[in-house]
Every structure is written in C-alpha cells, then in structure tokens.
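A quick write-up on the structure given underneath.
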Amino acid sequence: MSGTVLVINPNSTVAVTAGIDRACEPLRMASGPRIECVTLAEGPPGIQTQRDVDAVVAPLVRLIGELDARAAAFVIACFSDPGLHSARETTGKPVLGIMECGILAALTLGQRFGVIAILPASIPRHRRAIGAMGLADRLAGERAVGLNVVELVDEAKTLDRMIAVARELRDRDGADAIVMGCAGMAQYRDRVADAAGIPVVEPTQAAVAMAIGRVRLGWSS
Amino acid sequence: MSGTVLVINPNSTVAVTAGIDRACEPLRMASGPRIECVTLAEGPPGIQTQRDVDAVVAPLVRLIGELDARAAAFVIACFSDPGLHSARETTGKPVLGIMECGILAALTLGQRFGVIAILPASIPRHRRAIGAMGLADRLAGERAVGLNVVELVDEAKTLDRMIAVARELRDRDGADAIVMGCAGMAQYRDRVADAAGIPVVEPTQAAVAMAIGRVRLGWSS
Amino acid sequence: MSGTVLVINPNSTVAVTAGIDRACEPLRMASGPRIECVTLAEGPPGIQTQRDVDAVVAPLVRLIGELDARAAAFVIACFSDPGLHSARETTGKPVLGIMECGILAALTLGQRFGVIAILPASIPRHRRAIGAMGLADRLAGERAVGLNVVELVDEAKTLDRMIAVARELRDRDGADAIVMGCAGMAQYRDRVADAAGIPVVEPTQAAVAMAIGRVRLGWSS
Amino acid sequence: MSGTVLVINPNSTVAVTAGIDRACEPLRMASGPRIECVTLAEGPPGIQTQRDVDAVVAPLVRLIGELDARAAAFVIACFSDPGLHSARETTGKPVLGIMECGILAALTLGQRFGVIAILPASIPRHRRAIGAMGLADRLAGERAVGLNVVELVDEAKTLDRMIAVARELRDRDGADAIVMGCAGMAQYRDRVADAAGIPVVEPTQAAVAMAIGRVRLGWSS
Amino acid sequence: MSGTVLVINPNSTVAVTAGIDRACEPLRMASGPRIECVTLAEGPPGIQTQRDVDAVVAPLVRLIGELDARAAAFVIACFSDPGLHSARETTGKPVLGIMECGILAALTLGQRFGVIAILPASIPRHRRAIGAMGLADRLAGERAVGLNVVELVDEAKTLDRMIAVARELRDRDGADAIVMGCAGMAQYRDRVADAAGIPVVEPTQAAVAMAIGRVRLGWSS
Amino acid sequence: MSGTVLVINPNSTVAVTAGIDRACEPLRMASGPRIECVTLAEGPPGIQTQRDVDAVVAPLVRLIGELDARAAAFVIACFSDPGLHSARETTGKPVLGIMECGILAALTLGQRFGVIAILPASIPRHRRAIGAMGLADRLAGERAVGLNVVELVDEAKTLDRMIAVARELRDRDGADAIVMGCAGMAQYRDRVADAAGIPVVEPTQAAVAMAIGRVRLGWSS
C-alpha cells in the first residue's frame, strides 16, 4: 500500500508548486508513498476570492478523475480547501484539504490557534469554513499580512509582516499556535516560529503527513 | 427603487422554475419590485451532490453578470445556496440564498427548527452550512424524505412522506418549526403545516420576501 | 392579503414614532400592506433598563389585543424586543421584533456583526438575547455610543460617535456588518454606512420588510 | 451578616409557598440567615405562559422594593426566573433565580443535565433561557410531565410521570443529572432521585443555599 | 445533617491554608456544618503546572479516603480543580472544586466573566476546563498577573497588578464580573472589587458556600 | 530526522501492547521513524475510571522522562489521553494522544462522529474532553458496548456488540464516521467498518500516523 500522494496546487503558478514540492521533501520516506506535486493548469495565478475558489472546482475535479488510477490519496494545496467535498464525491481515495489539516494539526499544538491570512477579504471566508468545522471556540483570531502582489515578492518585507502578524495573534488575540493561511509560505515557517516563540503549522505539510498515514492504513473514506 | 428581483433556479428543469414562479405570486405587489424567475440552462436537471452544487457556480455567476443591469436583487433558488458568496462578489446588488433566508425566517417562528431534506446524502452538506452560519444550537434535526426521482413524481406519496418526516422532526427531535429543504416543494407547504401543526417555511418565499425589502431600502451590500 | 403592519413604538415619545414612520416610507407599496406606526402611550419616554423593558410588556400586550382585529402583523420597535414572546402568545398574527430581525438581516450581509448600543448597561441584556438566539459565534462585538440624553439631542455629536463606534467594531472587533441597536437612529444609517464602508442595518426597516412578506404569505405562526 | 433570605413565590397559591417553606427547612441554621417565604398576592394561581412570566414582573419588583429594607437577599421561586434581571436593577442585595441556580447546581452533579418540565409549551421558553446562559452544550434534553391541573393533584400519578420522564431523560437523552423544572415539586425529589438513580436538583433549595452563602459573604452584586 | 466541610489545600504551604481558613470564617454558622481546612502535606509548595495538578491527585484522593468517615463534603481548594472527578469516584460525599464553583457563582453576577490568573501558562489549562464545562461563550477573557514568587510576596505590588488586570478584563474584554483564579488571594477580594467596580468572586468562598448547602440538603451525588 | 515514535500503552496488559504493535505495522516504512510500543508496567490491567486515568500520570511521565533521549515523539495509547498535557510539559518532543488524534482524523471523514465506548461510565469523561477540545457540535453521540471483562474475551460477542453500537450511532444519532473509543480494538476495525458502511477510525493508528509526520517535519511543540 505505498502508492502516490498527489498534491494538487490549484493555482497555475508553477513556482508555488515547486515550493510545495520542496516543503514535502521531509515527508518522503524510502518505502513510504511517493509524493508528487502537480499544478492545475486551468487555475488562476493565485486564488484570492470566493469566485476563484469556486472556479477551480470543475478543472480540479476533472484532474482528480484523470489522476485517480495512479493516486493513493489527494491533497488539495490551497488554504481555501476548494472543491474538498466535491473531490471526496469524485474518488474513493482519501482527499485532504490543507486548511482542514493545518487547523487540526494546530489543535494538538495549543489550546487556541491564530491564522495568518494573506488578504483581509479572505477572513470571512475562512471563518465560514471554521464554523462549518465546528471550531469557532478554538480560534483565537485571524489577521492578514495585507501585502499586495508586488510587496509579496519582497521576501524580507513579507517575513517581517508575517512575524508581526504572528506576534499580534499571540499577544492581542491569545493564540497558542499559528496556522499559515496559504500554501505558498512554507519557506518562512521556521523563521516565523522562532520569532513568535510558539508552534507554527505549515498546512500543506500537515495535510501530506496525514495523507501518508491514510495511504498506509488503507482506510476507505 | 422598484426594479426586479431575479430569482434564479440553478437547475435546468423549467417545471421547477414554474413552481417557484407560482410560489412568488403572493409577493407581487402593484408598486413593488417585479419578481422574475429564470432557469439556469446550463444547470443539471436537479442539484443533488456537492459536485452539482459546485458545478453550477460558474454558469450561475455568468448569468448574474449578464442580468445585473436589469436586476435590483438576486435570489438563488436552490437549498444548497450554490455560489452564494461568489455571487456576492460578482454584483453589488443584494444576493440572497434560500437556505440562509429559509432558516433565518424559521428562527422567528420557533426556538428550534427541523429541516426536511430530499436525500440523506444532503444532510452533512446542510450541516456544514448551518455550522458556517453559527446556528448549530438552533437546529433540532434534519431528516430526509428519502424518495427517488420516480417516487417524487407521485404527489400523494411525496406529501405523505413529507408529513411523516415533519412529525418526526417535531416529536423525536423537538422541532418547533420546519424548513422545507428544497426549492421545489412549495405546493406542499400548506398541507404539511396543517398536518404537523407547527409553522413550515417555504424557503424561496422567505428569500424573495427578504429581497423585496432589500430592494425597497436600497442598502448596498 | 394586504392588511396592515402595525409598528408599535413601546416608548411614549411621539417624535421617535414619527422617525420610525419616516423610516418605513420606502417599504410602502401600492398594493402592499399598509404600514401604520403607533405609540404606546403607557410606555416610558425611553426604554433603557431591564425594568423598562419588562414594564412595557403589560400595556404592549394589551394594545396588541385591542389592535388585533385590524392588524395583519405586528412589529415591536424597540431594540430590546420587549414582550416579543408574550405578544406571540397574544395574537395568531405574526409578531416580529426589531432586534431579532435586525440581527437576522445582518447575517446575510457579513460573517460577523457588530452592534452599536446607546448605553453600556444595555450590552449584557443584548448579549443574553443573542445567546438565547444561539448567535454568540456570529457576534463580533457590541460597543456603546455612551452619550447622555442631552448629548443625543446634538445630531452632529451623535453622528460622530456612531461613526467612531462603527469603525471600532469594524477594526478592533472584526465586524463585517453593523446593526444599529436602537429604534430611533434611522436618520443616521446612510451616513454611518458611508463612513464605515460596511453594511449597516436599521433594525425597524429590517423587521417591517420581513413583516410585509409574512403578511403576503399568510403563514400562521 | 445574618439578615433574611426572602423567598418570593410569584404565584398566588399559598399552598405552593407552604411547600417551598418546607423545602427550605434543612437550610435553616441557628446563626444563619432567616429564610422567609412570601407569596406574591398579585400573581396568577400558576405561572404557565410567557405572558404569566412577564405579567408578574411589575408586582414582583414592587414587592422587592417594599421588602428591601428587611431583606439580605432574594430568591425568585419560579422556574422561569421571572423578573430576575429587573429585580437585580431594583435592589443592591443579591437576587437569585431558581432556574439559574438549579441548573448551576446540576452542573456540579453530572456532565449533562435533563429538565423535567410541567408543560410542553414551557420547553422553548426554557431553551431560550438556557441559551442566554450559554449552556446549550450541557443540556441533554427537556421533557414535560404533560399532566393537566386536575391530574397534578393526584400525587401518585404525578410521581409516576416524573419518574418516567426522569428515566427517559437518562436513557434516551443521556442526562447524568436532573433538574426539576418547577418550584412546587420538592416533595417528590427524593423518590425521583431514588427511582432514576442519578442526582436530582430541587431548584429552590439550590437557590436558597446559594443565597445563604451570598448573605454571609456580603458580596455586593 | 451538620457534619464537616473539609476544605483541602492541595499545596503544602500552610500559610495558604491559613488564608483559606480565614476566608471561610463568614461561612461558619452556629448550627451549620463545621468548616475545617487541611493541608495536603504531599503537595508541592504551589501548583503551577499541569504536572503539579496531576501529581497531587494520588495523595489527594488518598487523603479524601482517609478523611471520608468524618467529612460531610469536600472542597478542593486549588483553582485547577485537581482530581475533582477522581475524588467524586472516591467518596459518595459531595466534592466541589473552587474553579467550577467560582465560575458558577460568577454566572449569577454578570453576563460574561473574566479570570485573573497568576501565571500566563495557566491560561490554556483553564480554557480547557472552561471548554469542558461548556462555558466558553460566557468567558470574556483571562489575563495573568504575571508576577514571580518573590514579587507575589509584595502585597502592595500584587494588589496593584490584580486591580490593573481586573480593569483590563472589564474594559478590554468586556467582563461584567471577575473570578480570582487562585485559592490564595482572598485577602485582596474586597479591594479589587472596590477598585474595579464590578463583582469579584473569591472561589473558595463560593465553593464552601455551595458545599454547606449540599451538606444541609443531603443530596447524594 | 527519523528517530523513534514511542507508543506507550499506559495499562500493564502486555497483550494489549502486542495488539497495538500489530496495529502499527502498516505505518512502518523503510526510512521512516521506528515505531516501538512499550507497556507501562506500573499501570493497572485496564484504565476504566477517572482514578485510573489520573493514577497513571505519575509513572507515565516518569517513563517519558526516562525514554526521552531515544524518542523522537510519543503517543499515549489510551483513549482517555491520560497525562497528555503533563507529558507535553515533560518533553520538548511531540506528544500525541489517541483520543485527540482519533477524533481529529474522524473530522476529515464525516461531518459528525460517533464514539464507541467500552463502558457507559466513560461517556461523561469523554464528553468533558470533547468539550475541552471545543468539538461538541461535531459529536453525533457516544454509546457503550457495555460488556464486562469476561464477555470482552468472547471475540464474536464483542464484534457483534461493536457492530450494533456502530449502527445505532449511524442510524439514531446521525454519525457519519465512527471513532473506536479504546486502544485495544484494532482487530475489529475492518469488520466494523464493513458492517456499518461508514468510515471507522482506529485511534492509535491515527495518532501514530500523525506522530510520524511530526517527527519528519521536526516541528517543536
């Protein structure tokens, strides 16, 4: 039962897929499942709005259908978990979303979690999902980095803002652990964790780790 | 400020749209907003799965864009509220979903509400939405009619099952009010309400009523 | 089914009733229900305490009994929803409270709502009601204008404070929509909404809009 | 700091007050507060509806005002806690309601509590109060004895029904402890507890016990 | 039924037991239960961590077993309620925890309560307990005094910090009442309450008061 | 980063440890962490009461201290998660509890989960933990197998009861997924899942899978 965990980046930016692939490296084990990261060519460059989220479901589900024969499990690597429940109807293989798994991992690392969003407008969408998960009482707060696309290219600036936001979540909102609310921020995890002094969850890693277990155990979902 | 409330049936079955149109009749007032019911031609015959829900968002949002100039408000007439938040990003006009409005109306009619679903498989999807609405504590329970498409054509049988389910929601789950969990059941409302002896909400009517107010008041959303 | 929506101002200040009446103007439609606003002569000049709330129930219920024959629905136009459930026992006609309906409307306009109270002492009372509604998870926060009666006469000052409070609810508490926690503030709605940049619900308008639908649909409650 | 705990029966049935008085007997201690039970002459024979609840607030608050000088604390001995918050505005002395205290006591006796109501129609009212207390997750369920006034006179029948209801709360709803949802049932407590085999709270006793502590400690509320 | 309420200080610091004993003084009544405060010799000097909490359960339960014959009820006088549920398995006598009872008392004194913790690291532990009690919606916030052992000896400094924290809970978090999150702070209660202007609960007093009622009523738990 | 996941069975029954070891087999991967299962010699033969839970914390924490140097992560393999938070204070390595991880895994497999307990008396304890996790809204229900030690030896009888309970959780309580509430039931998982037709989580497997990810990622907790 070793098959392949297929990690789908639902945006079309291959640099993001490459970053996800690097983030998966520690989870590759000799006789463990292969971990393969693919890009959804039909996706937008970035998923920012609810419309973006909804628009990728059709091609995403189609891709899952195409890849199903050679996959043992799927991970949807976008923090809005686009198409998660549609994907679960599409395949009998386990499908995990990085928001869901990132938050579940955080629940084992602190009593209340904070979320670092990229955009302020994503916060109500994330709160709807957290409500659907029944986890509102564990949420300390969510705050946005609030940088635009140009600024996000500036790594030093981005890191500074992420650290600042992590500290606000810890000090003003009382977060005991942090979830990075984006699939493309893995490179900053260690430095944000060091600076904030509380655990920080990189959600794709959390999801892939869970998917490996699911593959090995062969539980039908 | 009288414009038009555009009620979109996201499935392609025009008989359902015709039923919705009849259900809107009492809400048509001389100087009030026009109420126009349209069918989403690209929709499936019925929306039953999460995949169906997600698949209609793209054409639904496109239709809203096309109709935007002549609409004062939109109602999405499917109990899964497909594309509700995408639609709200698409237009500055009010957009209301019938699940959301049906449940909100029920909250004014009893302390705990029950939902009559068509299919058992819809219940987890509805519970996710009710969780996202923060309303889990007001939900008494949800039960499915559990008839297949052929059986649903038999009106007497369908009515009997709806009444039976309404009474179970009242007696076993403690519901004080009932929400019909489907856009195509308006014709049964009065008889189910009479038989169950507790208020029954027809959700499209609830949503259109709310939309009329929104149009008259001109609140930007 | 066109009857009359009777909007009862449970305080005895006729200027407030006049303001409510003006706020209802957009909801008057040619063949729609008449909307008539009446003052509860026995009410106090303003309803500020729980004692005020409880004290108006007896005369309010008596008035509803007297007016029942010529009413199709009732709206209780005080943000504490005094006597709401007693009124529902008194008449078979729909009875709607402005707090309940104002908050329900806000749920369609944002994921979390904030409330602008007049007095700090009202906040625990409102929180009890929001808890009874099962909506604690949707409440971002409530803050008081905190002006005394003399200061409230100063419209510019009142507007300034309402705007400041709305912005605090948005920025510190994370409100996506605002509910005005008083029946007498309709005149400020548009300006507060413009200044805050998020939707603002005038609760009497929300309740009357819902009452119109209820009258047209003829649902027994 | 020994003063008097004034227990007010807000219905006018002196036999009920006498029963309450007997129930208080074990809580009378030599140097402890006096416990005096009084009848609200203006109350109805029994408090059954929300209108009954609201109607007693005015005379109840008046009585509290009259008795304030010789009271150290008040207990409102009706399970709907009529006028609880108005009373707290009326006097600086502690005011406790038997619903509130009965439920709080039950929280120390089991993880989830069940409530034995007299009438089915009281259940939504009680659920509103439990929601306002933020305790919905601790409620296993509420069930009504469902006997009419004539039947309630038959003690054997009443006891049988209370025991049957207590067992349903335990077995069907999963209650670990029971709260008697009425001030007039103290005589049955021991027998219901024996028959159900789980703790049963008599709410007036729970409230008076708490009031004694409040009097001795002199905490201002 | 007058027996003895045994109040066990699970830390080994006899000065703390002496303070608890003084705090119980107002609750001693001529024919009421004796109140006897004992020190758990095997406890640590102070209970600060989860390990401390868990480590005292074994000797605490043993002590309860030894004292059972001469006790009518037990109070565990540490704000982490160590061993509360183990103790309830050990004896048929009522066992009350000061965290549980302190919070329950606060629920009768305000809509939302704040907690003054000694150490920041205790806050997640307290939140877990508040979650287990189903009371997250009533919690306004918890803040720590944050003084070390040496600083806590300085009474003026400690009082200043407690007052500052109480005011932050009131003003920033919206607390209507305060619970002192430690068994050893009774001496400060009156002054903190005066300075904050809202009710302050000393939790051991709250628990002993409840225990007296339980003893007098003879309810089996 | 491959180290060893140490799975501690806190009861002293080595046959249970052997069963856990077999359950871990699918999670052993060539270059992945070693998985070693150890028995807490000082534990009782089975952990059934809160006293049992609390009593194993001291030896469990001591064992964790002793094994810390050669462990990369710990799993506490008892469904009451004994000493989970004490263990997290004891070591900087990840510590996971099987209740926590079993429930978190179930959240990815269905909207509401049911728990199969061995003993009825464990249910309130589990509900306290689920409350502390903030997950009450996701719990469909918990039901006990209710067999005694002698009966549990009879595998056919045990399997029959587990299947019956799983079906009750699905049909009466509405569970979409099941969590086995005991570390010693792994052998029945596949057959219960087949018979119930919904996903069934074996909690030790869920926890070990998560621990593997934690080890590979090297997140400090």
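The letters A, B, C, D, E and F name the chains in turn, as written, and every chain counts its residues from 1.
Quick note on the criterion: a residue touches a chain if its C-beta (ideal position, glycine included) is under 8 Å from a C-beta of that chain, and two chains touch if they have at least 3 such contacts.
As the structure is a computational prediction, the values presented were derived from the model and not from experiment.
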Both-way neighbours, i.e. chains that touch subunit F and touch subunit E: A, D
Proportion of interface numbers common to subunit D and subunit F (over half same, under half different): different
A-B or A-C, whichever has more C-beta pairs in contact: A-B
Per Cα centroids, the chain farthest from subunit F: C
Centre distance in Å when subunit D and subunit E are each reduced to the mean of their C-alpha atoms: 26
Centroid distance [mean C-alpha coordinates] between subunit F and subunit B, Å: 42
Subunit C: positions in contact with at least two other chains: 128, 131, 133-134, 136-137
Set of all touching chain pairs, with the criterion as stated earlier: A-B, A-C, A-E, A-F, B-C, B-D, B-F, C-D, C-E, D-E, D-F, E-F
Residues of subunit E that touch subunit C when the two form their complex: 110-112, 137, 174, 176
Residues on subunit C engaged by subunit B in the complex (per definition of touch): 1, 26-27, 29-32, 94, 96, 100-101, 104-105, 107-109, 133-138, 193, 199-202, 205-206, 208-210, 212-214, 216-221
Residues of subunit D that touch subunit C when the two form their complex: 49-51, 53-55, 57-58, 61, 83, 85-86, 88-90, 125, 128-129, 131-134, 136
Contacting residues of subunit E [partner subunit A, same complex]: 123-124, 127-128, 131, 136-137, 141
